[in-house]
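Structure record follows, encoded as structure tokens.
First chain written, first letter: the chains are A, B, C and D, and each begins at residue 1.
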Amino acid sequence: MKIASTITAPALIAAFTPALADVVVNRAITETEVMAAQDGWCQALVDISSTNAKSGGEAATALAEKVIDSAYGYQMGAVLFKPTLTVNPQTFRTTRAGALSYFVGGDSNYPNDTGFALKDWTKCEHETTATFIAGSSASTMGKVHFTDKDGNVTTVDKTWTFVKDDAGQLRIVVHHSSLEFTGE
Amino acid sequence: MKIASTITAPALIAAFTPALADVVVNRAITETEVMAAQDGWCQALVDISSTNAKSGGEAATALAEKVIDSAYGYQMGAVLFKPTLTVNPQTFRTTRAGALSYFVGGDSNYPNDTGFALKDWTKCEHETTATFIAGSSASTMGKVHFTDKDGNVTTVDKTWTFVKDDAGQLRIVVHHSSLEFTGE
Amino acid sequence: MKIASTITAPALIAAFTPALADVVVNRAITETEVMAAQDGWCQALVDISSTNAKSGGEAATALAEKVIDSAYGYQMGAVLFKPTLTVNPQTFRTTRAGALSYFVGGDSNYPNDTGFALKDWTKCEHETTATFIAGSSASTMGKVHFTDKDGNVTTVDKTWTFVKDDAGQLRIVVHHSSLEFTGE
Amino acid sequence: MKIASTITAPALIAAFTPALADVVVNRAITETEVMAAQDGWCQALVDISSTNAKSGGEAATALAEKVIDSAYGYQMGAVLFKPTLTVNPQTFRTTRAGALSYFVGGDSNYPNDTGFALKDWTKCEHETTATFIAGSSASTMGKVHFTDKDGNVTTVDKTWTFVKDDAGQLRIVVHHSSLEFTGE
């Protein structure tokens, strides 16, 4: 048996450096990206509130649409979204319209929605208890604390799952938010 | 340029059937597997309850340990588990011990736990609103209805994320459960 | 402890059908999709050849660009592409330009390329030996048989790895092709 | 609408540190892990050769079995393995037996195998051109240079795809190796 591609060792040793790859495409989600996505979600909520206060509901709605289109994965077909304050039989908001109505209200198809993002939030902080990075998806679980203009804080238990889109941006595909159980 | 591996067309055509692969290893999670995992979770909860009623708390605890070890992913390092009825500062149960205490109580480290699986459940039904299969992980969101021995039904909003282990079994790595918000 | 969301069992039973989810987003790659992607690759190669014969090199190049942009993942940053007939030091074609040159030649940066897709291929058949679906990626390995206008068949050993893009289309991110070893 | 879990802002601010998660489970494959797996593969090949020289074929076979069982994914059902020097109709070695025979020979079911790992290799170096990390799988492509005891070097083009097992170890699920095309 003849092996065609035999070259002498010295030539070989000169020809390469046994280091990392020249090119690396990394589609795995990192903890840093997850934290940045959560920062972005919090900032967007406060921005919608302040836009509403300054420029009115129409501007707030336009911003909310932009946020949903850039931060959620509705264009993939559906998002598993259980907002904090929805009630039966419209608990789950698997469509973009249902998400938008939850954040800014004003949709007669969702008569109970008053617009969670319009509640004059001035601060939003996430406190992640645990992160599970599966590889092409990543989930976090923790508390999110919302402060309104009067200084009142509302805390929710929140789970998010993110995937990375073609442009490398994280998108929320699962979002479960619930008020804390108080034992009463 | 000479291409070494040229053979005549007739021989080639005889040599292969242009069909599916001879061997397929499929590690992707299917909807059927997700539904079976949810069935299994529900059945396990009822089984722990009935074991407790028939054979006592020790037997129920032994079964709960078996269920946790086979259905959850604690051996991977942690599970993102927010049970329905936990309270601060022990809301999240990222360890096996915390999960076990939630289901069967009796752990002085978790003084508020009374054992959710010991509440004489006779029926558990899952009603999945949406499923997102990312590939190597899959999430579901929906309602789970628990019926106790007196016929009372408790409904929760539930999100599960599953991954597949080396043996091909699904394991829960995210579990967020919350009582329905009633608007009050 | 009071559980807020208790309703009576009969109401519950009427309210849901314990079936599959209403909405399923499935990003996992299926065997059917992989086979279709391989069919598409083979057809594209033959199409480039026939376009070249009928309409000339410019039209063939335009088609090759379209094929590369739709079937490969170069827009993600790089593709791991080892074409059948490349030689050192340009064995690997991790850039779009390198792939295009391999298929249609005419790029002075790749002086050894004569255009694999221009070799008057009239038939291309893939014979997959094994498929491994990891979930969000899938790989196949097998033979691909190319028949030219004179009926000569060239067979290569080929490995492809695919991922799914945002639009749900498979894209080649790994492509290793090699002439069969003949033992000589 | 009453939000149950409102607490005052100062208490909240004291209660958490807005930092990274307390617990992170990361199943994504890293570039470092991929490089270590390739180092391990190279070292194992040299070890089998030296074991064969020192202790004979039986010891080399035992070591090869250990290497296959720890570094490949045959226990998942199949591996997409195209070794460098196999010939038709046994080109692909999707079973453990086929892989073992390729590395150490001695299996009458594979009469052409002479044992690639027994060729007195004293050095094995990998030179990765590109890495694609899909998340829960990762692929590399590059050259691997084998030096034998006489100082002759054989170079192959190699593609590997790895997945992570439950224990967190990478396993090869795709392995395509081919002699360099020389243009003749």
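To be clear about the criterion, contacts are C-beta pairs under 8 Å (C-beta built on N, C-alpha and C of every residue); 3 or more make two chains touch, one makes a residue touch a chain.
In this text, all values refer to a predicted model and were calculated from it rather than measured experimentally.
Undergrad: Could you pull out the chain whose C-alpha mean position is farthest off from that of chain A?
TA: D
Undergrad: Does B-C or A-B have more contacting C-beta pairs?
TA: Between the two chain pairs, B-C has more contacting C-beta pairs.
Undergrad: Centroid of chain B to centroid of chain C, CA atoms only: how many Å?
TA: Here chain B and chain C have centroids separated by 34 Å.
Undergrad: Taking each chain's centre as the mean position of its Cα atoms, how many Å separate chain A from chain B?
TA: Result: the chain centres lie 23 Å from each other.
Undergrad: In chain C, what residues contact two or more other chains?
TA: 1, 22-23, 25, 27, 78, 85, 94, 129-132, 134-137, 140, 142-143, 163, 173, 179-180, 182-183
Undergrad: Please give the residue numbers of chain C that touch chain D in the complex, ascending.
TA: Residue list for chain C touching chain D: 78-82, 84-88, 91-92, 94, 112, 129-132, 134-137, 139-143, 157, 159, 161, 163, 173-174, 176, 178-183.
Undergrad: Considering only the defined contacts, which chain B positions touch chain D in the complex?
TA: Residues of chain B touching chain D: 1-2, 22-23, 25, 27, 75-78, 94, 135-136, 163, 165-166, 173, 183-184.
Undergrad: Contact residues on chain B for chain C in the complex?
TA: Residues 1, 3-9, 12, 16-18, 20-31, 35, 85, 114, 125-137, 140, 142-143, 145, 147, 151-156, 164, 179-180, 182 of chain B touch chain C in their complex.
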